[in-house]
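Below, each structure is written out as structure tokens.
Same chain, two partners: chain A is paired with chain B first, then with chain C.
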Partner chain A sequence: MSVSPPDAAAGPSRGRRAASPVRLLAGAVGTVLAASFVIFSSLSVAPGDPVSQILGQKATDAQRAAMRTQLGLDDPLLVRYWHWLTGVVHGDFGTSLTYRQSVSGLLGPRILTTLALVVMSAVIILLVGVALGAFGGTSQRWRPVVNGVVGFGVAIPGFVAASVLISIFAVKLGWFPTYGAGSGFVDRIWHLTLPAVALSLGWTAYVAQMTAAAVKEEASREHVMTATGRGLPRQLVFRRHIMRNASIPVLTASGLTVAGLVAGSVVIESAFAVDGIGSLLIKSVSNKDYSVVTAISLLIVIVFVLVTTVIDFAQAALDPRLRDGGKV
Partner chain B sequence: MSTLTARLSSRRTRTGSVDKVVLVFGTVCGFLILMAVFGPLLAPHPPSQTDILATSQGPSGQHLLGTDSLGRDILSRLLAGARLSFLGPGIIVVVSATAGTALAIAAAWHGGWLDRGLNRVLNVMFAVPGILVAVLAAAVFGAGFWAPVLALSLVYIPYVARVVRSAAVRERRMPYVEACELAGLSAWRICTRHILRNVFPIVMAQATIGFGSALMDFGATSFLGLGVQPPSAEWGLMVSDGRSELLDGALQQSLSAGALIVLTVVSFNIVGERLSSRIGASG
Partner chain C sequence: MTSDRLLSIEGLRVDLPSRSGSRERRTVIHDVTLSVDDGESVGLVGESGSGKSMTTKATMRLLPPGAKVSGGLTFRGESVLDYSRKELAAYRSRKVSMIYQDPRAHTNPLLTIGDFLVEGVVATGQMSRADALDQACALLVDVGVTDAERRMLQYPHQLSGGLLQRMMIVMALMPSPELILADEPTTALDVTVQSEVMAILAEQIRERSLGMLFITHDLDLAAAVTDTLAVMYAGVIVERGPSDEVYSKPRHPYTAALLKSRPSAVKVERLETIPGRPISAYEAGPGCVFAARCPFATEECREVRPALRQVGGRSVACHRAEDIASELFEGLSA
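Showing the complex of A and B:
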């Protein structure tokens, strides 16, 4: 998905058949392999000359030819792909031409930064999104207000949110730093607060939308009316009868969100100059440093596929009808 | 857009009340589209004209929204920038809706292996985030207007295809299709004259919602420096250009371009969603 939250109908198709674990896993591995081949082969025709980047302009033709052989550039695409893939399986993503360093060494600390950003955003999204949605779904009076706020929220792209937050909270009020990721635990959280808010804004609204719709639908069902009619406390009806059933669409929306956050971090990290894998991806595209681009793209796809597969498993676990292979 | 709004409100009138929300936001959409078409003509100053003597100025009589760090008139750039900001998502939506609808109707008509195969391909396509595809396209084809447009046109196909497919499958089972078949009409004719015509409102609703998302994604690639290149005017690029001015407290460029993006996305989303709930489209 994109930085923009998908609409209600979007997202990977939620299987209506029973989710067989083996099938799901095979599907996930197949998808990652297919995506990795597309990424690798398309970048292999991208402009740029790694030999000149390594040797400089003054190298002789013999040196160039030797380097081409050493890098395996003259091998057929499938051979190069196979070499790259076997390397990746052993944790070797190649060498960065710009940083003259192994890609895995380059990614290591940056993955932690991106992870911190994504986790902070996910916490904001789940807390605020689900609470806002549950509130909007149950309260008749506040529903239009919540719908309005949420409809506005999904329309704010991350990079616009970033500019607004920087101008208010960093420049005008001076509460938060403008750029960078900080060092040390507290400093890092302080630095990543604005980026996390910018990243989570649209998705919070999306999760709130899904939650409100699910809660509203469940609240109007017969078993809830029966429970209310039996005089059960409202709290109990809400927790046991509404939220438990509403949790499945909410979980699906939240999972898609987490997957989308990793892709969204590409934009947000660039906007706040946070040194994570997202901003590294953009820098590497400009530097034509394709081994880094390939590695980060693959990582993002793996996270995306992993999360959607976990949602499929979790749905089966939460909904016995899916687990037993019955009709929905 | 305006015909859609008209059709929608006329349908409302028949049932009694006019949908005021659609009327208001449909009008906003109409104005924004007019701005994209005629914006460059309305610009009070040439959008790329720099003025060393009047850089980073606040709003004044001569420059209603002030000037940027190169002394260019911000209002003129916003008006002129509407064209590229809308052209990109416009192409994306038209291409993806056309391809998605064609694939969906073909799959629904033929069923069997074609339907299953399409479903599998769409699932793989869903697994790759749109912004990543746009970034990779910029790496392969070079940064510029066309790389993200091409990439996002591809990325948006599954979102259209999925909704249209389920609608087309419903149509396929209708008695009128059988009647057409018995009357000896060709598959092509039934699909284009009857099924396409019946799922068309759903395609339009999806396209309207998709336009907002496409505008955000397209703007994001320009913001990242991989889409529309300076000195062209485009809203996502203007948000990015204005970042260095933010630190000096000059907020107009980033925030006005950002506000226009949000206004556009909100308006198109609301019209698209009303449209889609009106015709009862579901995934």
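Showing the complex of A and C:
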């Protein structure tokens, strides 16, 4: 699973298209369904035998066969997928083989932890990234400094940042705990600060870069000259004619970033021993606990689809040209 | 008295940092001298790249960062180049308005026409939003837009180029300015609506007795709508005088060549093209900027840059203006 930000220079290139709400929603549901089938079928052919995991190596062939039938493993793929899907619709993701517990019960509290981590990171990314980018995009003099900081942020992988942060702020200075997610609101924020910083570093740099590029491009538009030539105050030109227009690409980049955070949390949660979705995924993969892996993968897909759908709606809300059936 | 002039530009010179990013600068305007009086329409004519747009940008102080400007640029006797930030904002928002060539590129696609029209006067505290909306509606009717209220709620991409340029005209008139700078206001439009939009603009200017600096490369159009003509070549004004005289009796070889090379609506004949290619200001040698393409050029023309001087009731920058006068007329009437 990729955890690094996409190549910033390439940027997200989203074609203009008509944003009819019905079509957007239908597309989103269709994508999730298709993805769920791909996930389910690819994990059903993955190596590892759930039967021997449950019964151990010493079970007889008869016992094995009985267990296979009980788990429905001998049914055709489509039948198994259907069973699983109807279960998912009713909130039943199956049972974890390692934890001997329902998958939904396993995910519930961990989703909250990961959500807290992702939200904290997203806040850092948006505040710092957009501010840094807007600054670097407007101020000629500070542009190299901002570029330097951004390059630094892009270059450092999340797990390196994590170990550096732990060794300085947790071990040396002792300001923050080294592991765990904490309990209660304040304690949780305290526990999740370092992980959130480590998780947001690369993405902050990416969003800053995108914002700087968008601001610089929008500032050079002719209609900005019109606004300046009308004697509008500088801050108004910046707000109304530069930032407002730049917010469309910035929003797109930030949205994809937030979706990517869920995937990125896998590495960071393990590094900080935070008991969230990400670390559960890694454990479940190594335990070949496929019902958990399937559920988490589906969850990540749903977050991605949700975020891109929200971006599509937001773009249409910001850009009148997209509301008119996409003609420009 | 020159200080009473609405707009007076004297020996304006503009150097821009070259776009390639190297340190050297390029001269884009060598020597521009012209003036606009109250209620006067002045045409600024020249080929592409001669520096017409740069002249208007310098007048609005909208040149790109790093531009070096010298010479005089005064509005009602006040030096525009020395304006403080506050004075500049007042000048741009109340005294002078600019109409651009490409209305689509020059309007923010995310704002409604109504917001676009009123934002200038509202943000600079000249009118309440309600008053501004009323005035915008009235002006839209003046420029021939019938369903003004509906148009105000639309976005630029929903309007045709001609209609959008009329919105630009309204935008320019909103603060009741004294001077309008119109930079090729019809060039980017569909040919079928060009004359209509031009007529609307000319009518509004005349009705309000506004001063106008009208940029075009169309000599016929300029002669038709302006009182005074200034002809520009490679960043230099080469001839300036009353429009009908300059148009019928050019005294500079470049003006004469422009007149000869334009397509005629009545006669179908081979066009005479001006020999050589137009040069940019930074390519000009020490002598007359037109010397390389001028059939009358002498050694003096190539060595010494001629200054504008009075010849036959107008200003001409040509060493040989008197000698070649008859030849210039001949070529035209033939």
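Keep this in mind: the second predicted complex is superposed on the first by the 313 of 328 C-alpha atoms of A that agree within 3 Å, B and C clash if a C-alpha of one lies under 4 Å from a C-alpha of the other, contacts with A are read in each partner's own complex, and residues count from 1 in each chain.
What we mean here is this: a residue touches a chain if its C-beta (ideal position, glycine included) is under 8 Å from a C-beta of that chain, and two chains touch if they have at least 3 such contacts.
All of these numbers come straight from a predicted model, not from anything done at the bench.
Engineer: Aligned on chain A, chain B and chain C: do they clash or fit?
Structural biologist: fit
Engineer: Between chain B (first) and chain C (second), which does A:Ile39 come into contact with in this model arrangement: first, second, both, or neither?
Structural biologist: first
Engineer: Classify the contacts of A:Gly137 with the two partner chains as first (chain B alone), second (chain C alone), both, or neither.
Structural biologist: In the superposed model, A:Gly137 contacts neither chain B nor chain C.
Engineer: Please indicate which partner A:Leu318 is in contact with in the superposed arrangement: first for chain B, second for chain C, both, or neither.
Structural biologist: Touch status of A:Leu318: second partner only.
Engineer: Have a look at where A:Thr178 lands relative to chain B and chain C in the superposition and call it first, second, both or neither.
Structural biologist: first
Engineer: Could you let me know whether more residues of chain A are touched by chain B or by chain C?
Structural biologist: Tallying touched residues of chain A, the top partner is B.
Engineer: Which holds for A:Val305: it touches chain B only (first), chain C only (second), both, or neither?
Structural biologist: After superposition on chain A, A:Val305 lies in contact with chain B alone.
Engineer: Once chain A of both complexes is superposed, is A:Leu236 in touch with chain B (first), chain C (second), both, or neither?
Structural biologist: Touch partner of A:Leu236: chain C, not chain B.
Engineer: Between chain B and chain C, what opening angle does the Cα centre of chain A see in the overlaid model, nearest 10 degrees?
Structural biologist: 80
Engineer: Quick check for you: in the superposed arrangement, does A:Gly276 touch first (chain B), second (chain C), both or neither?
Structural biologist: neither
Engineer: Per the contact definition in the header, classify A:Ser286: touching chain B only (first), chain C only (second), both, or neither.
Structural biologist: Only chain B; A:Ser286 stays clear of chain C.
Engineer: In the overlaid three-chain picture, find the nearest pair of C-alpha atoms across chain B and chain C and give that distance in Å.
Structural biologist: Chain B and chain C, overlaid via chain A, are at closest 9 Å apart by C-alpha.
Engineer: Common interface residues of chain A with chain B and chain C?
Structural biologist: none
Engineer: Please give the residue numbers of chain A that touch chain B in the complex, ascending.
Structural biologist: 1-4, 6-13, 27, 31, 34-35, 39, 42-43, 45-47, 151-152, 154-160, 163-164, 166-167, 171-172, 178, 259-260, 262-264, 266-267, 270-271, 281-282, 285-286, 288, 290, 293, 297, 300-301, 304-305, 308
Engineer: Would you mind writing out the residues of chain B in touch with chain A in their complex?
Structural biologist: 119, 122-124, 126-132, 135-136, 138-140, 142, 152, 155, 159, 162-163, 209, 212-213, 216-217, 219-220, 223-226, 236, 239-240, 242-243, 246-247, 249, 251, 254-255, 258, 261-262, 265-266, 269-270, 273, 281-283
Engineer: In the complex formed with chain C, which residues of chain A make contact?
Structural biologist: So the residues of chain A in touch with chain C come to 140, 221-223, 225-233, 236, 240-241, 244-245, 318-321, 324, 327-328.
Engineer: Chain A touches which residues of chain C in the complex?
Structural biologist: It comes out as residues 60, 62, 65, 88-94, 97-98, 100, 102, 105-112, 119-120, 123-124, 155, 157-158, 171.
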